[in-house]
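Two complexes are shown next, each including subunit A; its partner changes from subunit B in the first to subunit C in the second.
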Partner chain A sequence: MSQDKIDMLQRALAREKAARKQAEKILENKAAELYEAKQKLEKSYSELEALLNKTDSQLQGVFENIVDAYVIMDLMGNILKMNDAAVGLLGFSDASENGNLMDMVHPTDLKLVAGTFKNLLFEGTVTDSNFKIVTKQKIEKLVHVNASIIYDEGKPVAAQGIVRDITEINSLQIQKERLLEKLEKSNDELQEYAHIVSHDLKSPLRSIDALVNWIKEDNKDKLDEISLHNFSLIETTLEKMEQLISDVLVYSSVGVETLEKETVDLDALVSDLKTILFVPDHVSISVIQPLPKIEGEKVKLQQLFQNLISNAIKFIDKEVGLVEIDVKDNGTHYQFSVKDNGIGIEEKFHEKIFKIFHALNKSKHSTGIGLSIVKKIVDLHQGQIWLESIPNLGTTFFFTLKK
Partner chain B sequence: MKGIVFTEFLDLVEDKFGLEVLDKIITQSNLESGGIYTSVGTYKFSEMLQLLQHLSAHTDISIDDLLLVYAEHFFGVLEESYPGLLATYKDPIEMLSSIENHIHVEVRKIYPDAELPTFEVLEKTEDSLVMVYKSNRAMHHFGLGLMNKTFEHFNSTATIVLEKLKEDGTEVKFVINKN
Partner chain C sequence: MNILNILLIEDDMIEVMKLNRTISKLELPHNIVEANNGEEALKVLQKKDELPDIILLDLNMPKLNGIEFLNILKKDDVLKYIPTIILTTSNNQRDLLECYRIGIAGYVLKPLKYEDYVSKIEKLLGYWSINELKQI
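Right, the complex of A and B next:
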């Protein structure tokens, strides 16, 4: 073999050797890299595992502690998982028992539930579905269900639902509705009764009035001064009696809420009132701020202002009478005031005057019902009424009406 | 450039032209690695270029033709090393058109530092494909060799026309028509 060839082979061999060493070194480093990567993976795996456990136990806690019955079922209605509340509601002995929710639907509601289930599959959720079930203990219950589909990679695999027992609530609701109906009926009856009674009471009153008049006419010459005075007292009493009966009728009708609420321009209403009411020459009525428009029943609002203004006029004992009507906005309500410079009301009567038949001033015009009606109307408009007064100086009535 | 390209190249040179030629082109070249290559290492492309140039000078075969032959040999290496990847394809046109979006994606997973050419698909029908090769290595004939072998792998043949979009061969259009 020539020296050249030997040299060449030696070079080739040296290259091969060096390449092997190089490869070994590279692989050695790769192995170390792999080891390190494995260590890192192991570490993050155990971190992930810890995180998963934590999340899992949190979810488990939520599942167990949820107050409402929570059920997970497959798409055939077989119960896969349920919490303690569901066990109790459905009448199982424990959560591991097998059951099918569809089998528990009351026969009368099967069709309804089938439709609901179809909706659930198509829409993915069902809310506020009510139907009857028969529990494992053969107890009928009305339940309220909110449910949604659980998807796995876009495919529906199960459904979860929150079930509430509304049997009792429902029966209470029905009971309440019945009571309301009954109440409404008896209210109507009472109303009618008040009408009849007042009518029936008024006609003997008129007869007495007529008879008294006849006796007075027939015996015009025979009656002395005292008797005539007594006769006029009888007449006054009769008039008052009639007024009383009319007021009772008004009072009983105020409580009836008609549904016809409208926008009432109180400014126009009060200026109309000023022309209708009898206002003595020495009394002036002024409206300080323009009154607002509010939602309410016009007739009742008119009654409210009429009673307060005529009350104010009635009790003015000064030579120059002043009635001032004002308003201010307090957010949710308007606060009105009707101020007079009349005789005033002592503080001990402030509560009493709103109660029916509590006239402080015995006269033929006050029956003691006016302010009770006022209070009732204010109540109807979700407002409040109160007053400030200094005896002999005047009174201010305040009341609020909801906007 | 991945070491396997060097080791396979040297093996092929030794096989076809003998150890003397191999020794000659290594000693003639000015190689940083000293001509010591392992398939798991990474080396400079300029070394491959020198080896090719010296081999071309020595054998009177053009660099393009050398690359073509080498690529045909290299396809065999790929067939042996990555049979699974090839098995995911049923058709050569499918396989070639997914070089960019599938094969090179997989290659980068194994060799994150690999410097790969791009193959942009311009037109594609059931039996034809027009692609633009871009690489500053200008190894379009290496690509051509691999393509020829791809058709062979699926028991078919194709007419492949190369059209240089840039004179230096860094951008080349491949017009492939299945026979």
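Right, the complex of A and C next:
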């Protein structure tokens, strides 16, 4: 063997050795990785097992502590397991007693429940099913049931359900509906009654006014100045009486929610009011910020602003009168303000003025109902009303309306 | 201008006096026939050769009230053509809508003040006296 050949073989051997060493190294690394993976797998497996145990005990807790009755039954309705609430609801003496849920369904609801059961089997769940049962103690109850099928390897094996006794809730609900209906009817009647009373009260006033006028006409040159003045006082009194009756009618209808709520653009409403209301030349009304749109009854919201603005105008005693309307957003409500530079209201009257028939200034145009109407409307819109005032400087009424 | 035959259906004596006095005060040539309630009015309307040109109808009346009367009137093939104007104190929207639904020629609120009443009646009768009405 030539030296060259030996060298060549030795180099080949060295290469092979190196390659093998490399392969061994790789193998060793792989084995380490594999070991590590196995370790991880074992760890996560034990974690999973722990988790499963934990969930099971948690479920057990839920099962025992749940307020509602919880029942597991086979597909024939035989009870397999139930919690204490279920034992109580269904009238058993303890959880180990045997029973069939289907046998407890009230005869009148059998058809209904059969349909529900069919749905349960086909859909896998039923929710909000209400029917009557007769408990072991022979007590009729209305129950609310949510149920689902339990599957084992894709095959339905049992059903579980949450049962709630709604007998009382249901009777309360019926009672509430009846009461509401009654309330609506008596509201309606009251409204009609108010209209009739107001008609009957106003008729004599019209007659008196006509009679007074005829006496005046028929005795044109015979009446002295004092008599004529007294006649004019009668007429003023009649006007006031008529105003009172109208206001009482408005007050009594404010509480009745007859109209559907709509979106009311208060900005448009107030600028309309500015043209309708009598505003003397020396008084100016300004709206500081654009007013929002809110949900409410337009007629009532108009009454609200109209009463406050005309009140503000009425009690201005300065040469230059200012009425300022403003709004602020406070989250759930809008807070409005109507500010004037009028005569002001002493603090001791701040509560009293919202009560009916508490006019502070006895005058032809004050019936003492305006602000109580305002308060009622604000109440209807879940708001509040209050005022700040300095006598001789002016008053600001604040009120909130729910958005 | 037409001379109107007016049937006034009104239970309040002073209201009847008011219309009469208003017409004489305004020196209007119209004739007024009075009925105290719906029942009486139906009797008046039985004379088919003396039917009124217009009817002024109060709503709140005993026995047959205004709306009941209106219903009967509008179901009658002859009487339904007589323009009927409601003259009432009731500004109840429910009454107003019901009247327009059945069919009325106007809805006038009785004002408190006598002079306002005179002015309303003057306009009302002025309007109807220039209208063409069904010949009997």
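Here, the second predicted complex is superposed on the first by the 324 of 403 C-alpha atoms of A that agree within 3 Å, B and C clash if a C-alpha of one lies under 4 Å from a C-alpha of the other, contacts with A are read in each partner's own complex, and residues count from 1 in each chain.
The rule is short, and it goes like this: contacts are C-beta pairs under 8 Å (C-beta built on N, C-alpha and C of every residue); 3 or more make two chains touch, one makes a residue touch a chain.
The structure presented is a predicted model; accordingly, all values stated were derived computationally and were not measured.
Peer 1: Count the residues of subunit A touched by subunit B and by subunit C, then name the partner with the higher count.
Peer 2: C
Peer 1: In the overlaid three-chain picture, which partner chain does A:195 touch, first (subunit B) or second (subunit C), both, or neither?
Peer 2: Second partner only.
Peer 1: Determine, under the contact definition given at the top, whether A:207 touches first (subunit B), second (subunit C), both, or neither.
Peer 2: Once the two structures are laid over each other on A, A:207 reaches subunit C alone.
Peer 1: With the two structures laid over each other on chain A, which partner does A:268 touch: subunit B (first), subunit C (second), both, or neither?
Peer 2: neither
Peer 1: If we overlay the two complexes on their shared chain A, which of subunit B and subunit C does A:233 touch? Say first, second, both or neither.
Peer 2: neither
Peer 1: Regarding the shared-chain residue A:393, is it in contact with subunit B (first), subunit C (second), both, or neither?
Peer 2: Neither subunit B nor subunit C is touched by A:393.
Peer 1: Contacts for A:114 in the overlay, against subunit B (first) and subunit C (second): which applies, first, second, both or neither?
Peer 2: Neither partner.
Peer 1: Which holds for A:95: it touches subunit B only (first), subunit C only (second), both, or neither?
Peer 2: neither
Peer 1: Using the touch definition up top, name the residues of subunit A that touch subunit C in the complex.
Peer 2: Residues 192, 195-196, 198-200, 202-203, 205-207, 209-214, 235, 238-239, 242.
Peer 1: Which residues of subunit C touch subunit A in the complex?
Peer 2: Interface residues on subunit C, with respect to subunit A: 12, 14-15, 17-18, 21, 60, 88-90, 92, 95, 110-115, 117.
Peer 1: Any idea which subunit A residues touch subunit B in the complex?
Peer 2: On the subunit A side, the touching residues are 8-9, 11-12, 15, 18-20, 22-23, 26-27, 30.
Peer 1: Which of the residues in subunit B come into contact with subunit A in the complex?
Peer 2: 7, 19-20, 22-23, 26-27, 34-41
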